[in-house]
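When the chains are written out, they are named A, B, C and D in that same order, and each has its own residue count from 1.
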């Protein structure tokens, strides 16, 4: 593995460059559009040269949007805040519920454990559309309609199975002996969970948490149906720039850039965990 | 203090019975070696004692106290794992300190305890390293140190020398008995290496397929193995096994080997007329001059020096291959025709069908619960 | 000595807590999700009804009629075929691509780590918005991709608007959005593989293809299965990208389950039919994931060996 | 404050000063036109209060569900006047158009009492009405105790007003005597031609006067304008929205219908006639020759964007789409012109199908009387005039607004041909669909069939026969055929 030929290194470099171009080109293009107005975005053929403007970002941040049909008030920053709040709390709750459950499934082969684990997963493949109408009806009766708590609850459908199943795999990859050793050394199961299992599965938990965060962030059907305008996430908010007087591509691009930023910051911050894999290293195997 | 008693332990995994109604007693301060091939249930037994898995039936008593339902952390045992099971995110020092931390010892006590055991095991200089940075030998010593540091009355060592190189294994084999004796702890030691078993064990329990086939001192196991299988497991080079049908004449019981009547010393009456296997340890055979009584003519095929011994492969006139071993100093024959003789006192006779030894005296049949 | 088997005493109180522990750990998660079970069952009931919101007076149980009508409906079979095809193509391509990228980035270095995080950005873009942007980029006039395609001779490439390339185009967007998901999971998996087998193989001069198929792939299988399972569940339920790009067209080219069910629910307000479609989709995913999980468990067991 | 100004406004309201005089006068007093507008409305608000007890629901709060649209913006801009007039509070949720109707359906299907009134299209009421989600507004319109005498229900354009009324019978005639008023029209769109005058001049073509000319003109434009510009923009996505604008307007001009209604009220597909097939062929040919390359993904937005950015030479779509594209930061702002379109050479006048943004009252509203107060204000003559003159409230649904010279001047100034186009086509403007609950199923399938025809996956004749067959099956299945 270490002794790679020059040719191979070049081929790998080319392959990686192609990958980066394919995945990053649209992102770069969106970033460029976010500094333009429709006037320069909609040119035939599209051109690279343009005079950058901060108007889109100004509009989003100040909440005033100038369009063909006058000035519109927009609640983008409010949407952004809702997204942050909903995603963070949903993932936090899902971690709180999912990690112990994942640990139970990984470490204790108890009666019905596989069935329970599968049931939890099966919520993931109940299409949102299937439960929406009854859910709306019941939420209304329970007083959960149009509440953050109700939304966070429903968001568990997105976050919990993901966290449960990914983290479970990581827990199972920790050799049981390591935990046994800690128990035998005189520590309780909880201390073992906290001091051994959690740190060792840390990268897996971080990765699952981030993925759950992204999926929660990208969802909008639940909030759309179950909550009023002041609780809508940025995914719904960004659609506001598809106006009857035209699609404001510049603003949508800026909205995408702004909505990626928090997640990207989170990912860069947790980078070390995300791409490390299990921290067992040489001990494993 | 910390005797260990297992009563009628049964452990199943799905349909497979891993431990089958097993009972065993280890006296306080005794070192018991669990010996057997992999899959015999040794490791499972150790984990049952440690309390990290539960038996389906039976009781576990430590120091006379029923510990069957007690969680691992309250059993007060120390354990070293075959694969070391070090905590990869902690330094060697922290690894070793975990049993002391569990007792809420003061920082000073912990430091002193870890450093002293570290010094004892010659890993004082790597205590600040994480397992990733340790050599295999250092890992093994760290794992051992972690088991020893709390001075547990009962020590469980699961083949701790399995994953270290030959040199280190040799050193440790010499070092460990003293170390364990100094601690005065009751030890249950699992190994697949018969030399380790012989070197370390006050007694050896030979396990196979979830039951103890034989329990005895190393001497007993070697001299009077309960069956062919045990006889084959102990001894290097392996015991020679030849099909025979003992007969009797005026001089006593004899067997025919290459048309030579070899008379056996000892009580072998029961074997007369039965299809048997005779077990001849290579060191119980010796080259003799032609014409010696009971001398068997053979052809020397090959000669191999093995440590302090020389092993010779010979072939009888009937074409059966036999290993003969002699201490290096003793002259032998390295080629051509030769004659060997049997030390008639150490010959072992086994029933060919069941493999059980015939004429056993001291062998204990543990399955029926009879102790020696 | 007597050898009577001593039956274990009944578990003491202390023991019970140990027994119950795993249930205690998993129950909260289950309880939170169980709330969803009630609406789910309600929808099952709907699926057995003739239930159009616009004809409330005609609402009644028609039992299996919604389902039976599918069997004779060529549109339904088209939906089934397209959904499976779409899921199959996207999952296979994303898996291959994701695995390839993960292997390119396997070596730990600051640059590789940075690239792997950057590659997550498509995943961070909401699929509906991503599709909107792709729609712009593939516009024949303003679209940069159409322009680039014309430079390499594809003057008249119709992207999502032609029945022959629509599937290809939405698959492309799906790949762009979701390959990073598989990539990041597999990268984490690759990097947590033990090093000894690879070092040993390298020392022995074992061919690389052999190492890949006999060591890397088997050890990575649990990660591959997890990633594939989640991707499959999402892919067979794809809605955002397809609806935003083509609304299921052109013609009936891309009328996958969720698009059909969405139109049935929100436009036709035919709740009964929509629910029946969703239940069938649910049954398919249930079946598929069951297979996956059985294999997952088996392979995990094998990968880890027995204690 | 502003005593002088108020006097002037009151004079205007008494008819002593005309509107121009008023604005001029106010301008002389140093007021910006927009402030003047608000003040004017304030004055009108006070005037309204004179004859009707606007304060009957003082202190109550109602909640609206609104689409992100210039109509909603205009209403919100004027909302303080309503609050002042009635002492009521109004809160609202605005959702993007892309997801707006999903939100409405979700809220109403769950019988949510959250929203009292909401914006809707007339087609949607064909679902909402029978579903029992909305209220027949005749109860309030016809009750003098609840409706301001100056509300002037007759002021609404009759075709538009009737298009919002349906008796609930599948196939029933819109605006029949027994019809229920499911919604109040707010603003509406006629489908006509908006074209790029510069491109027309460059190529030397004039505005097409019928379908044949349109096909030819579009082809010539595609060929001769250059720069990738194509001749005609129409919608093509797999949606009801592809059928209802230009397509149905032209289709109806040939006296073709979507459905036949038999004497006993049974419905059957009507699009497999020879005339219909001929028209479809022409339409399909036009798109193939001179439509956008990726027509099958075209919605309102793409049709508009292309026109505004100069990628298309004309559109046959909503007039207000052209109106929007003639303003803002669009490249072609100020360069577009408007014309009514009569597809059938034999027809007397254009027959545009229309889209009507309207206001409906939720059946789950907890205080319908109070809600009606808002609705009649929002659809009343004063707000209509405010929206039309001060905001982008085109096309207003009240004749009085269209008669307002200031409004006509404003349009004529920047939107050449708009008023004329409106005047020509308004008399024939109404919903050309047959109201029935399968509206969306039918139109979506129709659009999908059109896509197949344009992609040459199915010949026009065969496609229409299949479509008719499929629709007949669905109608039967739903108990309508």
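Just so we're on the same page, a contact is a pair of C-beta atoms (placed from the backbone, for glycine too) under 8 Å apart; a residue touches a chain by one contact, two chains touch by 3 or more.
Computed from a predicted model, the values in this text were never measured in an experiment.
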From chain B, how many touching-chain steps at minimum until you land on chain D? 2
Going by average Cα coordinates, which chain is farthest removed from chain C? B
Given the two chain pairs A-C and A-D, which is bridged by the higher number of C-beta pairs in contact? A-C
What is the distance in Å between the mean C-alpha positions of chain A and chain C? 15
What whole-Å value do you get for the distance between chain C and chain D if each is reduced to the mean of its CA atoms? 41
In whole angstrom, the CA-centroid distance of chain B from chain C equals 53
For chain A, which residues are shared contacts with two or more other chains? 42-45, 132-133, 137, 176-177, 189, 220, 239, 242, 247, 280, 282
Multi-chain contacts only, two chains or more: what residues does chain B have there? 71
Shared-contact residues (touching 2 or more other chains) in chain C: 141-142, 265, 271, 307
In the complex, chain A touches chain D at residues 37-39, 42-45, 67-70, 72-73, 132-133, 136-137, 140, 145-146, 220, 224-225, 228-230, 232, 236-237, 239-247
Parts of chain B lying in touch with chain A, wherever the complex brings them together: 47, 50-52, 71-79, 81, 83-89, 98-99, 101-103, 131-132, 146, 150
Flag every residue of chain A that touches chain C in the complex, lowest number first. 1-2, 12, 15-16, 19-20, 22-24, 26-27, 29-30, 41-46, 93, 97-98, 100-101, 103-105, 107-108, 110, 113-114, 116-127, 129-135, 137-138, 153-154, 156-157, 160, 162, 164-166, 169, 172-173, 176-177, 189, 203-204, 207, 211, 214, 217-218, 220, 234-235, 238-239, 242, 247, 249, 252-253, 255-256, 259-260, 263-264, 267-268, 271-272, 274-278, 280, 282, 284-285
Provide the residue numbers of chain D that touch chain A in the complex, in ascending order. 68-70, 73, 76, 92-99, 102-103, 106-107, 109-112, 114, 227-228, 300-301, 304-305, 308-311, 320-321, 324-325, 327-331, 333, 391-392
Residue ranges of chain D in contact with chain C within the complex: 101-102, 105, 109, 126-127, 130-132, 228, 236-240, 292-297, 302, 305-306, 309, 311, 437-438, 440-441, 444, 447-449, 451-452, 454-455, 457, 477-479
